[in-house]
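These are the structures, in structure tokens.
Same chain, two partners: chain A is paired with chain B first, then with chain C.
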Partner chain A sequence: MSTLSVAGRAWRWALWAWISICIVGAFLYAPLAAKFIGQSSRILFFHVPMAWTSFVAFIAAGVWSILYLWRRDPDQDRAAAAAVEIGLVFCFLATATGAMWARVMWGAWWNWDPRQTSISVVLVFYAAYLVLRGAVEDLEARARLCAAYAVLGLVVAPFFFFVLPRMVSFTLHPDAVINTRAKVEVESRMLQVLLASSLGFNVLFFWMHGVRVRLLRVAARRAPQVELEEVPA
Partner chain B sequence: MTAPLVRPVPVQAAAPASSAARAWLAEAGAVFVKDWRTELRTRHALHTLLLFAVTTLVTVSLALGPMGVASSERVAVLPALLWVIVLFAAAAGLPRGFVHEEETHTAIALRLAGTPSAIFCGKALYSASLLLALEALLAPLYVAVMQLPIAQPALLLAALGLGGLGLAIASTLLAAIVAQAQGRAALFPILAFPVLLPLLLLAVELTRGAVAGGVGDAVLTNLALYDATMAVAGLMLFPLVWNP
Partner chain C sequence: MIGGGGIGMVMIVNLVIWTGLFLYLLRLESHVRDLEKEP
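Showing the complex of A and B:
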């Protein structure tokens, strides 16, 4: 076994250990946040990293789409598609954990808080992206149209993140980490777990993404062979 | 002496910038005129838009009953319903612009004949004129039927104008994407909803301001910004969507 493949195996075990430590830390090491009902603040260590990871995934999908439109490399199209697929999973989990937390803290699963509004539109947008992928047969056209749609998403996104929250003047969403006061307002042990967990989730995303891209590449290579085998003798 | 079969084509010198711009405008104008000419032959989109709008208007009006909405809730409810009607009509009629080109296989000729950006402008202009004509019919009818008092008519015109323009520009780009996919009719609303949502929310907000007064300039600016953003995004992305 070469040194490279040993290292390749080792970092996955390291990631497993890292995320395990984050989970243990979230429950045993980090203190509870003030003004939160019961243990509900602990969901922060999973909800926030998943939301950030999905954000990173969608930005990455946009960048790969721009690269595809520029270079027309099918691998970049696969990378964008895989990023959207996995980003959508993280986004859905962030929405679900957010709704659970909202049930505990605000008394309702869903109440169209600005954050809930924008994340639901993001979910619908990238779900529509996947629907579009399914609706175009020609591979080149599929890559081109989906890339254009993903770039359109990047163009519209600022309106959701900057314009709409201003129209809806209040939010109940805690903003202790990212806020307009330009300083971190989280207890330091909580921040340690939060950042460690975010790093873990992001590395997990890029690992899953690499696997998915390899799968898509294999599927693309196999596709014409399957068609040839189906020709009757 | 018989006339030559092929008329000699005057050889053009390298076109200066101003005449290139004029040629581009002529192209966009030609696409616009062509779209209206084919539309007036069948009146398909015109009828679809109009009947969709009237049907939805009647449904809304009947559902709310002869008393309509309580005056305290009028400002909140009625502007939103107006834009739902406009969105319905637009989703039914606007994707046709490109879907029709693909169905009749004229898209390929258009690809050969025109500059992509000029085609986009011509098509967007056609959609905008169609939608603004519809709004010109619909809005007075809606105001009359719903007994909606308008505090600032200029603001209502701005909302309808900018809202219709943005809707037309975004729909043109989305229609170009949808036309090359399967299940076009169902796909358009799915793709359009998340893209059009900021426009619709801003337009509703502005219409509320026109009814009740007291809306900030920020909403008007943001709506204009959305239109401009979509126009730029359309001009940049359309050539990539249009040309294989």
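Showing the complex of A and C:
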């Protein structure tokens, strides 16, 4: 089994420690939020960072897609696909944790609240990206179509994550961290844990993404007929 | 709803899940590195 360099090993274990501290902080350091039932507000430190991370992943997929359309480098196509795949995992987890919280606060797992509706649209939109990826056989055409689709996501994702939920006034969802008055009105210890957790989840995303891209590259080398190969310079 | 007494247990479960995911990722990355070295 191959080994990592000391620096490579150090930052990974630092991430483990960072997220572990965030978990402990979420349960023992951050106070309970007002107007929330029981301990339910603690899910905020996982639910919100997961949603933010999925947004970062979808934006990153759009940026990598632009780079693919510009340079036609298969690695950019793989990076975009990996970002969508992992972004979907985070988006699903954000939806699931939101549903758990809704069960406690609103009495039902799903209420068709504007935020629940908008995140379900995002989930379907990016699930369709993967369906598109599986449906086109020609590798060049697949990469081009998927890249164009992910670039469209640069408009769709911000709209459904940030614009639409703020446009509708009839929501059960509590104020977002950056609220409709463009202010952050979160208790300072809660904000510390929330930001630290968001940073940790984002680093985790980029780590997972790096591993997935390398795996896709190995798959391309082994079975070039199913994955785009590097074009020799 | 989680009672105050159970919150420590929920925290430990979260830590166990995170540590499991972390160790799995380390192992997966190591496996990928081996695959990359294969001719």
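Convention: the second predicted complex is superposed on the first by the 203 of 233 C-alpha atoms of A that agree within 3 Å, B and C clash if a C-alpha of one lies under 4 Å from a C-alpha of the other, contacts with A are read in each partner's own complex, and residues count from 1 in each chain.
Here is the rule we go by: a contact is a pair of C-beta atoms (placed from the backbone, for glycine too) under 8 Å apart; a residue touches a chain by one contact, two chains touch by 3 or more.
Predicted model, so just to flag it, every value in this text is computed and none were measured.
Chemist: In the superposed arrangement, which partner chain does A:R12 touch: chain B (first), chain C (second), both, or neither?
Modeler: In the superposed model, A:R12 contacts chain C only, not chain B.
Chemist: After the superposition on A, what does A:R214 contact: first (chain B), second (chain C), both or neither?
Modeler: A:R214: touches chain C, not chain B.
Chemist: Let me test your reading of the model: by the given contact rule, A:G38 touches which partner, first (chain B), second (chain C), both or neither?
Modeler: A:G38 sits against chain C, while chain B stays out of touch.
Chemist: Would you sort A:S20 into first (chain B), second (chain C), both or neither based on which partner it touches?
Modeler: second
Chemist: Identify the partner contact of A:V156: answer first if only chain B is touched, second if only chain C is, both if each is, neither if none is.
Modeler: first
Chemist: Kindly classify A:V104 by the partners it touches after superposition: chain B alone (first), chain C alone (second), both, or neither?
Modeler: Only chain C is touched by A:V104; chain B is not.
Chemist: Which parts of chain A are touched by chain B and by chain C alike?
Modeler: In chain A, nothing is touched by chain B and also by chain C.
Chemist: Which stretch or stretches of chain B touch chain A in the complex?
Modeler: Touching chain A: residues 173, 177, 180-183, 187, 190-191, 193-195, 197-198, 201-202, 205, 218-219, 222, 226, 229-230, 233, 237, 240-241, 244 of chain B.
Chemist: Which residues of chain A touch chain B once you look at their complex with the stated criterion?
Modeler: 69, 121-122, 124-125, 128, 131-132, 135-137, 140-141, 144-145, 147-149, 151-153, 155-156, 159-160, 163-164, 166-167
Chemist: Sort out for me which residues of chain C touch chain A in the complex.
Modeler: 1-4, 7-8, 10-11, 14-15, 18-19, 22, 25-26, 28-30, 32-37
Chemist: Using the touch definition from the top, list the residues of chain A that touch chain C in their complex.
Modeler: 1-2, 4, 12, 15-16, 19-20, 23-24, 26-28, 37-40, 42, 104, 207-208, 211, 214-215, 217-218
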